Amino acid sequence: MHDDSRLTEWEQRAALPLAVGSLLFLGGYAVRVLGDGLPGPWRDLCLAVTGTMWALFVLDYVVRWRLSGQGAAFVRRHWLDTLVVVLPLLRPVRVVKTYEAVQRRHGRPRLALHLRVIVYAGLSVSLLGFAGALSVYHQEHTAPNATITTFGDAVWWTCATLATVGYGDVAPVTPLGRIIAVGLMACGLALLGAVTGSFSSWLLQVFSREDDERPPG
Amino acid sequence: MHDDSRLTEWEQRAALPLAVGSLLFLGGYAVRVLGDGLPGPWRDLCLAVTGTMWALFVLDYVVRWRLSGQGAAFVRRHWLDTLVVVLPLLRPVRVVKTYEAVQRRHGRPRLALHLRVIVYAGLSVSLLGFAGALSVYHQEHTAPNATITTFGDAVWWTCATLATVGYGDVAPVTPLGRIIAVGLMACGLALLGAVTGSFSSWLLQVFSREDDERPPG
Amino acid sequence: MHDDSRLTEWEQRAALPLAVGSLLFLGGYAVRVLGDGLPGPWRDLCLAVTGTMWALFVLDYVVRWRLSGQGAAFVRRHWLDTLVVVLPLLRPVRVVKTYEAVQRRHGRPRLALHLRVIVYAGLSVSLLGFAGALSVYHQEHTAPNATITTFGDAVWWTCATLATVGYGDVAPVTPLGRIIAVGLMACGLALLGAVTGSFSSWLLQVFSREDDERPPG
Amino acid sequence: MHDDSRLTEWEQRAALPLAVGSLLFLGGYAVRVLGDGLPGPWRDLCLAVTGTMWALFVLDYVVRWRLSGQGAAFVRRHWLDTLVVVLPLLRPVRVVKTYEAVQRRHGRPRLALHLRVIVYAGLSVSLLGFAGALSVYHQEHTAPNATITTFGDAVWWTCATLATVGYGDVAPVTPLGRIIAVGLMACGLALLGAVTGSFSSWLLQVFSREDDERPPG
């Protein structure tokens, strides 16, 4: 689309700090949601960290928008970035990408593609699942008739959702909790696709290798 | 099968009006089902719109039947069209096809095939899911012992069904509601197939590209 | 394994009668299970039909065993046939195979492989699902604390199981009902594999065709 | 990584005894968990067998560590072995690998790759499912508000989980039971991937064969 050297430079420089910021955001949110018994100042600190990181994400988005030299089209073309600015809990997933870039820069040997897909899908789904469990717990645990009343319940429910098992012994009852749940179901479908697709393509590779080794007939 | 120029011409001309009609049908049905508090005349208007559109679909079917010059074989060969005439709520899915045709005529660049499959599967499933949630809500919300009592419940249940998660905290209890549910499950299986299949073939493409780039060994 | 012409001849001649017998067996069992209000003689007739057909299956198995000239090895090599003799409700699935053979002999054009896989998977799963729903209903509807109390419940539960959705609003409670349920789950997994696999390979074919048509680059 | 002949020799020699030991471990654990009514000495014997086998696994791990000549890196490189030493209930899965090696040494004809994947996935999942059902039953049956109160319930729940059906009529309620459940869900996802992947690649092979046989056009 655009080969601005300044934009590329910004993105490379900002990647690592933003990855750290994403984890700080997630950590701050987690402590804020789970730390009911924490003294007030600590809770305020968490809120401040979370807010500052969000502000950083917005700043990064604005800088990239200006450097790109695109107008309103930037919002549409980079709709995933736009979404992440609005829902910063999705941000930590980009850590996986940054982690890979750092690994490559240090010359670490890359895993086989099948393993990489499984590992990255697993990491992304874990981060999304943790963020999802946090926010579902945040929404649900004070709702009337809620079945998800502890964070353990939320994690258990998240795992059952991501594996598309869905026991239904605990399930969200609030509208916002259910919207987050639908997002997690989509992640579960994608995870299933990643696992199945890796398996399928790995099998096909093994087949074609066996076909090559074996005399025809 | 048949290369009647008149049939092709009819189909091309009717595509856009019918697509608009499909959305009107869905909208009218939605207002009719959800608008319990609407004044009588509005409800009658919705019923009229829905009925008129259905009549249009039947008209289109009859015209195409006559133009095709086929006898009773038309019903069997175009069984999908026949089904759609009987169950017009399935019709809006064809909007996806029309939308693609319009995009192509305007020379918009097409998405990569993987993305297209995901996008079209997502759009079709959303439309079918909306129609399914509407009709399940329509059937269920007045049934005794129903667990799906609000439209929000119906949408939530539809999402859990399409992702094959199936919590079972709410579930249809009427025979007709369950028949619609089985149709939605089939959509869910197809969606799963589309997501998994896209992922799997995308991975295989990436593999074969890597194999080409890399020196063998 | 063995190219006995007499065995092949027997198998070809017996295929159609046995297919009809399988459907009679399923029909007789269905009337027997569902027809609680039927007069006694009709119920006895159904029992007689079911029993006779089972005897026919055993006869066919014994004839093929003798013609094959294999000893005890026949039981192991043809373990699927052995299983079907013990659980004759699985037999109707072979109707799908016979139907295909008849279609081919009459020179009907074959469907594309993807469609055939979907159609045959759908037919097999429908027959197995019907047999499964019947036998689960048979086991469950008189059990204490049963949730599957009508045949409609059994069919609904079977559909939710085959689609791997599993609401759990109704579920078998007897040991034998649960064993049948596990068999249906396995069918559901296979159905999912068939749908996903067909989709995936269809997509890959479309890709490779597009690659051929399009100039490289 | 390392081609120590002594390590390879040890691994070849230890494979069969360790496979037998794994099954003894599983059997001893099963009797211990299920045999509530057994007299004390028998229960002590089971505990002794289980403990001895675990000690053997640790011994094998230590010997291989020393023979490998690697330091702490061994723990990371062989993380799967490390995991199995900590959670010896996972060990029986290796029996499948040993069984294959024995079959090959005896010159038995190997199954087609698709069948092998299905058979090995089925065997592994059965062993893991049995171990999972045992340990979930062990954790749950004495917990307050438990729904899994008999071993039959545990097996039923395990099957519903592995097929990703998840009725939720019975479900674990203790933290440890839920952690085991998450592991079983992961197995279920992998099983789904194996079934779907085998189907998908088998279909693709059949397609390419048909393409070869049929004249183009």
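To keep things simple, chains are lettered A, B, C and D as they appear, and every chain counts its residues starting from 1.
The rule is short, and it goes like this: contacts are C-beta pairs under 8 Å (C-beta built on N, C-alpha and C of every residue); 3 or more make two chains touch, one makes a residue touch a chain.
Heads up on the chains, UniProt names are A, B, C, D = Ion transporter.
Remember, predicted model here, so these are calculated numbers, not experimental data.
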Given chain C (Ion transporter) and chain D (Ion transporter), the chains that contact each of them: A, B
Fraction-based call for chain B (Ion transporter) against chain A (Ion transporter), same above half, different below: different
Chain centre separation in whole Å, for chain C (Ion transporter) relative to chain A (Ion transporter) (CA means): 43
Chain centre separation in whole Å, for chain C (Ion transporter) relative to chain B (Ion transporter) (CA means): 30
Chain B (Ion transporter): positions in contact with at least two other chains: 164-168, 192, 196-198, 200-201, 204
For the chain A (Ion transporter) and chain B (Ion transporter) complex, residues of the former touching the latter: 113-114, 117, 161, 164-168, 171, 175, 178, 181-182, 185-186, 188-190, 192-194, 196-198, 200-201, 204-205
Touching residues (chain side chain B (Ion transporter), partner chain D (Ion transporter)) in the complex: 164-168, 196-197, 200
For the chain D (Ion transporter) and chain C (Ion transporter) complex, residues of the former touching the latter: 152, 156, 159-160, 163-169, 191-192, 195-196, 198-204, 206-207, 210
